[in-house]
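Dropping the structures in below, format is structure tokens.
Shared between the two complexes below is chain A, which has chain B as its partner in the first and chain C in the second.
Take a look at the complex of A and B:
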């Protein structure tokens, strides 16, 4: 290791392990010779490698940000199937459908196989030699770029991928790392931070006697669905907890509710205040509540709330009574609460219930402090993209690097990101698949798949202490011309700052050095090599952090009343998040396209959900092609009659409508992002995704909706899915 | 041959199977319990099945013709009668993971003219691909609609290179003209049973799981050996008072959730479902 020009603090920063809790030993000799590994011939395989027998290797799922530990079944050099890794506190040996489809991301026939460079005839394949020359010329040591002239635009990124990225930017004296998430939860996190002092508290779901969820699809598309599902299973065992879900459109989680209420979009905060009003009648709850809150809540008696929300006053009373009777409870808010111009207040009003009910320390705790803040995930927002877009449009951005995000597809049409891209002289995309954004870039670099690359990941939601998850290749790379994201960045860094990075032949050796250097924090007494091998074998290293306590702040809130619907736009428009497609990045995976969306069972398409009564009044039948018109734009989609929706609301799933993401995604369905109105949260500046209003127009055309359900959606008296009343069930006597 | 086969099969199944104590001396009888109160409808099981069993993706057009090949699917219902009882699904949706019920007296078996579908000694309803001539009688006779016919030669088109590298070498890739269905991950069972046999023992409880049970995030699916009275699945069947060899179950008290779907058709399924529970007061 060349340490001459690098002091110790810098060195730790290079490795991503500086930070408050990092009390590390000095830089002595280690037993690592970076990058020098024993190469074994396949003719002399290790004892456990037997032809015909699959061997499991641990890694980390990169399909979403939950950081589930996975195991890949590898046989004859091929990865065949993914399972959950029982060592992982997050996945606990379980895995979701999206995670399973990671193998199809890896073996996808539309993977990008060579670098592409934009010439006169558009993007054409070039060699890596050329690509490196271009990179060096633009971003190498002689690059004049400084500060905000360079920007790195990513989706959520964590671990050493984040460290390298930010260290890379630092060599340009830049901190211009822009994290964009088309499904940003920034508003909800801000509200949670304001009330509880933590953006994402830990939810002890299994300890809750009652969960009141305002539109949080925690079992489907929430912050850590596999972990939440595991906790939910415990929650449903004796003594069985009750789930009440309130949302304009039934999510997967809503389908599991004991009681589901359709609410007028945007009135969730008012309902929460109405429930608070009922609770605060009792001294037990009102003790210590500031006068401002009591004053605020005063205006929201049951009848007033019922008028605005569409939830009957009896229901408001019943919900409050159940919260009273079932402690501890847990109240959570989701995208349908956040997605309004007053989304922050809406979500804050929901969080207020947790404070009033005393759920802190019971069902809600703060996450453990991370020993290595540099490794924690960056969480995306919309306004970060909007800021970047402004800079790009003004010609301030000279170079843009894009990784793990596709804003040309997901940005609404009032944010002309593709247009702004043309103002940036040099744009690099790091992708496994050519997508809409890469199509607008100058240099497109083919990445290794998540099953071919090394990496570390840190999840946003850390249920049990802190886990640093390791990702390792489960097989040799399929395409010789693809490269690891870390390797590409490291190569540039080696040229820009050789004194810090020249010692690392590749990303693997960098990771290994960084992890081994962090060993003391994980309180492992093994030799360095053992520690590293154990980490790879287990797929993670654990740090025994303890949950922290949450604060309770009761800021003054104002809760606006949503504007009435108008005759021009008589419907609320609610975009729904599919647990498998998410923001649309997974639309190229055929298993997921053919996997029926659970609530509707529709496959390979977009559709618009409309309540049967509304449809009847408008004489709309399933399969009628409707034009969905907002003030911003319109799309056409087939009608699907769906009882789990508030009758003045229509809903469309996000994720389809790609023009460029391989054969399985292109031309399937339409893209509802493009009709979202430019309405933003007052507090956070986030796009208010649930605030758009639309008109429906019948086109007179009709097509069959391709779906899995048969002609009836009822059981017709057969005992298919029987339901037992909870008071009759004898769960405690069951095995 | 086919008619005599048919009659012979029919007789054997209608008169001999199932009977009390049928598996008392057998090492294995594979069975399942699916807890509908834990099932959240997430589709992890269905995708796991595609990955494990080389199920082809058929595309929109063929899916629309009812040619999807999902051996396990999540059915979603809105009511128990023939209409909704209220304007909204007040107590959520009803999710039902539906797969081959591995019936002990399987309606699909006696109608096969060539004996391609038959009963294995460990209680599975198996499909022998290279005997199947594609009459599709079995599918017509299956009340659960969990048999899937290869209308097309999927190896030609369902796995464009290099997707075929993901195919599980332990599972046949089926060609045009044969029927297929859930096997309870026969390849996993076979490998496990062979290994156990080599070691002179029977499989331990939980040693082999089906792909769906292994993936299921809520552990709603319990899989195991009903012949082993100590296995979790056997204890659950007993606890839920479901008897494999009876076509209607007597329960000692109210509130016991176990039932078998369409049991009244005398199919004697090997899957017990546990009723979904809802707090109807909420």
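Take a look at the complex of A and C:
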């Protein structure tokens, strides 16, 4: 049959038959069978095991650093689904979409299954015996490495994984633990420390009557989204709190806000000072505020602020009035505030509002002091990576170990990390999946998945006292050649310092001993074994810490006026953080690729968001392929018309554009990290991620944007849902 | 009560009585190679097992309740292959048969802590979810029918076999044919109902 005489009916028939064949081939067996599959009986199971009925085991989610307690449903020895652990004060029995995908990270077909060693033909599989020999030769007791010659580069790491890592470095007389976070919040933390005396205060969202958020996506990609979402639900219960979000590109939290204001990127601090200007007119707020601050805000009356920020002066008045009327309030800053060369001042200006409004002790408190500071997470920064890169480029680093971070993918192109790696003679990567950084290493070690390994975790954000979260295997390891991170380190440590570590046959026994030793602090009178079994069953150990009080410092601030856009680069560039992809480490999970991005519903792709009016002026349609050119580099992506963006701004989601992270991530989308300009925060030296400016060029090509939303995004020209812009609303009536 | 009413009552009682299933649990699906009306083999192949387990000794001669070993059938959707320590619980104490080749094999597995790789005999397609618990609770515990009969509806007279062999079609038409019949709700009750007919109940 040729195409010419294939009529519609035949076509449908063929489609039906091939479709059915595909379905049959794709599923498991489809007819009644006898004697084909095996069914194994248990030899000596525990009494509660009933085939066909799931048993839940507590553990800790490792998909991000929030440290949510989880329960894994295990049936016939296989983990099937994750739920939240109600015992955990962080997750409170809930879990997010990213956490759910932890199962897929475990069963992912692209997991690394054997150690790999770089020979002449690139990385080739080797046995663990060989891998251990290489490790012993380079890092064993006879290794001459000392001090900064060895470096351990990680993402955020906490609990006994951190303790073991630092003990490992100690045997080299080294403290060279470098923590890198591609989405570092170091600038914001520094500003918070400067004003409130705490890097990450506790936010009592549920006690606030008004939240004013400057670009903090606390419901999506913030510090502890599951906990924040639970608090937010309480905040929205009667009396219903009001959320005002101010940011250049609408985040998930912005989408939930009562009022959302698009602001020119980088002018958030000026708006904060403008609001402060309005508030400080009243003695109630100005009492005790130093003269420098009063002098500073004098320059920022409503009209001046409106000119710079693009937010109407009426709106500035409304926000100030809302803050006045709704106490206690809570003012928070996010990445879009911090990501500028004056990001520190910007964030400090926002924090200033909290002090003026008297939110300390009401909606903001200090976190409880941790009884074991050595278990608290190391928080990453960009400048730590830049420092390491410099040392590597100068040939000072002889051995580098990499765990839980992928700087070759996330470092901007002006930081040639991949090139610097070639100066390091011995590089080891601890990974579950081959990624871009592991591809540049000499020895790549396959780790157990988070659902197969033991560990302890301490969250950066501890809302409810202090919890040491336990991670335990939910099933036997899938691949016999994979090993736990703790086990590998322990094996080297046993050789380097046998007197301290020879007694531990594995990481499990190390963990158990360490936790049992800490028992007196947790005020438990059980026997050691009971304490440990209880800890494993509950998935955590609690310490009843009380929140501490915050300080209030009002240092003199200088607030530069942001540079105007130029004709060469007429757009602000905002890289957006997806709640699921984060810095790109999760791009290998097809569930996350397939789940529509929260604001745009686009799947499996990168895109550039542009305001419909701007697009109209430039005659850009959805799906037009645009070249996004910065002073540093360029990428190509499909245009997506998005009303939730400041009209002079374009935005691209981070996380895509992998060249090596399994079949589901490789070749999907582009990597906007690579076009970020080398602009750094003056105070902290962090990469200013929101300071890049770009030009758009039409390539003339066009492709369909694959997305879940229907054709009615813009309501097809009909008023299906009536909307009103914030400036047109009769604001005076609401106050 | 007049004569007419009495006749009517007898007719109603007879009708209710006849509505319950006169099940034929041990009737084989058909000769080897024959098919049921919906195209499935009526009789499954002979399956060779690692140990030729004599159901006829255990369930037949010794009259052991099926659920003594297949203990999960009343609690779970699968009846479960008995755990190895269950076999050993008895056979450790039965000195008289310890030298039999099949028992020797059993001890070998136990000493090596190896599970026995039994072959599945009644293996439904992956898109079918059959629930043992529902059927056992209904027919064994509620209606108090004999266990050999209840299990036999789907498995045939296992007590007369050594290793199990499929003797029922287990096809959808075959399932539905039983779900369409009226069954007593409880032992001694006259209220009947038939099995559910939702697609979703088995295909989920």
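Before moving on, here are some points about what is shown:
We take it that the second predicted complex is superposed on the first by the 671 of 735 C-alpha atoms of A that agree within 3 Å, B and C clash if a C-alpha of one lies under 4 Å from a C-alpha of the other, contacts with A are read in each partner's own complex, and residues count from 1 in each chain.
Throughout what follows, contacts are C-beta pairs under 8 Å (C-beta built on N, C-alpha and C of every residue); 3 or more make two chains touch, one makes a residue touch a chain.
Please read all numbers here as calculations on a predicted model, not as lab measurements.
Look at A:546: by the touch rule set out above, it reaches neither chain B nor chain C. By the touch criterion defined above, A:230 reaches chain B but does not reach chain C. By the touch criterion defined above, A:287 reaches neither chain B nor chain C.
Of the two partner chains placed by superposition, only chain B is touched by A:109; chain C is not. With both complexes superposed, B is the one of chain B and chain C in contact with more chain A residues.
When the shared chain is aligned, no partner comes close enough to touch A:523: not chain B, not chain C. In the superposition on chain A, A:644 contacts chain B only, with no contact to chain C.
Residues 52 of chain A touch chain B in one complex and chain C in the other.
Taken in their complex, chain A has these residues touching chain C: 27-45, 50-53.
Those residues of chain C lying in contact with chain A across their complex are 40-41, 44-45, 47-48, 72, 75-78, 80-85, 109-110, 113-127, 165-166, 169-171.
The part of chain B that touches chain A in the complex is made up of residues 36-38, 40-44, 46-48, 50-52, 57-61, 63-64, 68, 70, 73-84, 87-96, 160-163, 165-169, 211, 214-220, 232, 235-236, 239-240, 253-257, 259, 261-262, 273-282. Residues of chain A touching chain B in their complex: 52, 75-76, 78-84, 93-101, 103-104, 107-109, 219-220, 225-226, 229-230, 232-233, 236, 240, 242, 244-245, 250, 252-262, 318, 322, 478, 579-580, 590-596, 598-599, 601, 603-605, 613, 643-644, 647, 663, 668, 704, 706, 708-709, 712-731, 733-735.
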